[in-house]
Amino acid sequence: MEGKRVQESAVIMNELVLPNDTNTFGNLMGGRLMYWMDIAAGIAAIKHCNSPCMTASVDNLSFKNPIKLGNIVRIEAKVTRAFNTSMEIHLKVWGEDSIHQYTYESNEAYFTFVALDPNGKPRAVAPVIAESEEEKKQYAGAMRRRQLRLILAGKMKPNDASELKALFVKDDQ
Amino acid sequence: MEGKRVQESAVIMNELVLPNDTNTFGNLMGGRLMYWMDIAAGIAAIKHCNSPCMTASVDNLSFKNPIKLGNIVRIEAKVTRAFNTSMEIHLKVWGEDSIHQYTYESNEAYFTFVALDPNGKPRAVAPVIAESEEEKKQYAGAMRRRQLRLILAGKMKPNDASELKALFVKDDQ
Amino acid sequence: MEGKRVQESAVIMNELVLPNDTNTFGNLMGGRLMYWMDIAAGIAAIKHCNSPCMTASVDNLSFKNPIKLGNIVRIEAKVTRAFNTSMEIHLKVWGEDSIHQYTYESNEAYFTFVALDPNGKPRAVAPVIAESEEEKKQYAGAMRRRQLRLILAGKMKPNDASELKALFVKDDQ
Amino acid sequence: MEGKRVQESAVIMNELVLPNDTNTFGNLMGGRLMYWMDIAAGIAAIKHCNSPCMTASVDNLSFKNPIKLGNIVRIEAKVTRAFNTSMEIHLKVWGEDSIHQYTYESNEAYFTFVALDPNGKPRAVAPVIAESEEEKKQYAGAMRRRQLRLILAGKMKPNDASELKALFVKDDQ
Amino acid sequence: MEGKRVQESAVIMNELVLPNDTNTFGNLMGGRLMYWMDIAAGIAAIKHCNSPCMTASVDNLSFKNPIKLGNIVRIEAKVTRAFNTSMEIHLKVWGEDSIHQYTYESNEAYFTFVALDPNGKPRAVAPVIAESEEEKKQYAGAMRRRQLRLILAGKMKPNDASELKALFVKDDQ
Amino acid sequence: MEGKRVQESAVIMNELVLPNDTNTFGNLMGGRLMYWMDIAAGIAAIKHCNSPCMTASVDNLSFKNPIKLGNIVRIEAKVTRAFNTSMEIHLKVWGEDSIHQYTYESNEAYFTFVALDPNGKPRAVAPVIAESEEEKKQYAGAMRRRQLRLILAGKMKPNDASELKALFVKDDQ
């Protein structure tokens, strides 16, 4: 299967924070943001694999700054690496207060999607071609993040996660 | 501040999967489920801290079984432990096909919420009183999960995460 | 057909009142609450009859206390009795202001649902087994409520509603 | 306070049944229809009393024919009579399959709304002037429906409901 | 094909402006209004052609007065003329502040819909019978509006738009 | 007031067509697309003027190809020129069927927005600096489109629309 460049799956999404998206302080609710992030990640995934696909997992998400009512939410998503039938998607999210011309980071996240054949079964996905420095760094880190995911889902023993273990053992010496 | 029992924050939520919640295979989209989970977690958090609160982070989420159109989504959420101004909430999610009388696990997750004072600043939260065996186990594990969260958010060095490191180092010997 | 216990159909639903659910006074609109009650009642009905089902009627509804923006709506629904192809569902609805730790009754209601076979035609429903005192009282009252429903829908003459008529005639003597 | 004619509050609403409004048989869900009916009734009420208002109660509702996906829902609402601070609104609902040029009754209902002053307290409402034969009939029947509502809400004893009791006692002789 | 009277397609729609429909000034957003106008126009079109149909174009829209949160939106739509497989629909939109008993014009618009056969291909539409003075005027003007539409869509040369050109040339002399 | 470059207001929006967005043929409804276009145009406008703003008008819209359920909608919006207190925004919309790797044009449109000061009154807007060939062409054409808008809104006489009239008169000789 021929590889596809990261840029072919890159997606930009801009949304406006409306009253129903906010809590009593007028801040965007986390669940509403995750809903948009899932759509953006799904569009990136489908652009890479050219088949329907499904959210398999979401890595740790940490919300840095609340996004206010009336502000713009900007989401950028792209596939970083493929693993057989799954793809890791990297997302960056910003809030933008255009009135005060102020842009701020909201969060950075990794979603994993599985590609599906017409019967809804997992199907093979084209490899990812990382070109820029940043894309190559994301590509390399994807293996370590995958090990953490498998450990956290109880599908891998910490001892087998060689890349990840190095992090702790190296620190230890 | 007086402690509150886990059961005081326990929340049950039942929802029906409607057409707009599904992808082209008729399966509930991950983002829509995370939206509901965030509402359920937020209700548990507000029941514990009796003040407005805000999603701070979401731990790794792994979706096991797709939930089908027309099925029931059942979410159970409860606060497991409090840390100064934040609370960890544990969620379990099931799909239920009542026609075929078949219930299946969808996922298990941990959300963290921050309690807010009337000015929107973080405020202290009552400690959690774990009573049952399962509640005590969740309470104990919360410290390790918090270390992982801080490391993944870049706010703690792996070497300082004593509880978490033990996992890797013990395996190593 | 074997009977099913009331508790097997019991459903709890918790929702958050968002801006779009409210009128200009920030109170939950009646129509939005009825929408949620219909979903809760439908889930209880489907849990009892294990087949698709459809709202047939809604008994008199009286809203006691408005539920405020940001408050929690708690709905409890369970099947009280079955009549051939239909089921009566009892609902209780509370508002909960977790900030002020104050819970208040919103309303109590009865919905009737019809069970459907795969062709969309009414199909027989298992009888209901009432166990607790309250369940038995609900079961007994269901016949009188059914007579009132039939009279109000023009399907029964007041004179034939023996249970209901007793109410007026007894008072009269 | 000067009276207002029934026609001044008459409201027509047309809606299209979309996928998310339907159950697995492609029929409009009862809760979604009640949501629209509540909006239509609220518009009629506000047109009569020229102040904000709030749903107080909904009389027995019986759904005769399911309305299909893609069909048109037609709702007609108008105030029938005023009682101090409340108004009774009559609604008629039809489904319309324009492809097959077929219109069918869905249901007929009575909602009660309370008028509110700027502090959210009940305020007096102008009396209703019934002109046509049908309006006069609705106006007369409103007293009997009100008695039934009060009895069902536990606010009136059956024996005091003179208009309503006549129904049963007359039949009895 | 037999003609149909304009009144057979006339549609009235009343909606309430809810928080999510508004911008930060509490005014109805243009896009939300166009969404409702498209539904109203679609219902008028389907009533005329008795087949599914699809928005083909929207003529210049100019919003005169903002409609406020809590106000009523009133839309009237009717088919003005048919052209082979398409229909022109005229819409008038008002805002209504019932508290202050004040009704104001929002805009006036023309939508064009295409009728579809069961395979989704354009199909012939019955001619329109204009009866009142206003209907006849709308019917006559439809030809000129159609020429402008075709020119703006690049499907007609200005020189061939005899009706439209007269407007400019007459003014010129 | 200092000018701003076109690129500073450029916005990209990607959305997924969900069941509720479609008609009975599974095609995106025109009104839903206009809702998204209005949000995209509004974001472009607010990025240019750094103040709240409001839809003033929408130029002729012609939908070329229906966008299917499950496809991606891609909208690109940017401010082309400013006129005192208003801005013209150009939008291009594509459908994208990622499964069949096929992208198709849906429509091209011009929206006009008015910038508002904190009291909701129109306020002056920075001029637009067109840089690329295409931006300069859009900038030049904006004057002619504005004349057409004013004529169609009844605010200018065809004879005064010198730029527009040239189109017809030139053809005429």
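The chains carry the letters A, B, C, D, E and F, assigned in the order they are written, with residues numbered from 1 in each.
By definition in this document, a contact is a pair of C-beta atoms (placed from the backbone, for glycine too) under 8 Å apart; a residue touches a chain by one contact, two chains touch by 3 or more.
Note that the structure is predicted; figures quoted are calculated from it, not measured.
Shared contact partners of chain A and chain F, listed by label: B, E.
Contact with chain C and chain F alike is made by A, B, D, E. The chain with its C-alpha centre at the largest distance from the centre of chain C is F.
Chain A and chain C have Cα centroids separated by 43 Å.
Centroids of chain D and chain E (each the mean of its C-alpha atoms) stand 31 Å apart.
Mean C-alpha positions place chain A and chain B at a centre distance of 20 Å. Shared contact sites, meaning residues of chain F that touch two or more other chains, fall at 19-20, 23-24, 39, 42, 52, 70.
The set of touching chain pairs reads A-B, A-C, A-E, A-F, B-C, B-D, B-F, C-D, C-E, D-E, D-F, E-F, using the touch definition from the header.
Against chain C, the residues of chain B that register as touching in their complex are 11-16, 39-40, 42-43, 46-47, 50-52, 70, 72, 98-101. Residues 19-20, 22-24 of chain E are the ones that touch chain A when the two sit in their complex.
Residues of chain F touching chain E in their complex: 23-25, 27, 29-32, 34-39, 42, 52, 54-63, 66, 111, 116, 120, 148-149, 152-153, 157-159, 164-165, 167-169, 171-172.
Looking at the complex, you find that chain E touches chain C at residues 18-20, 69-70.
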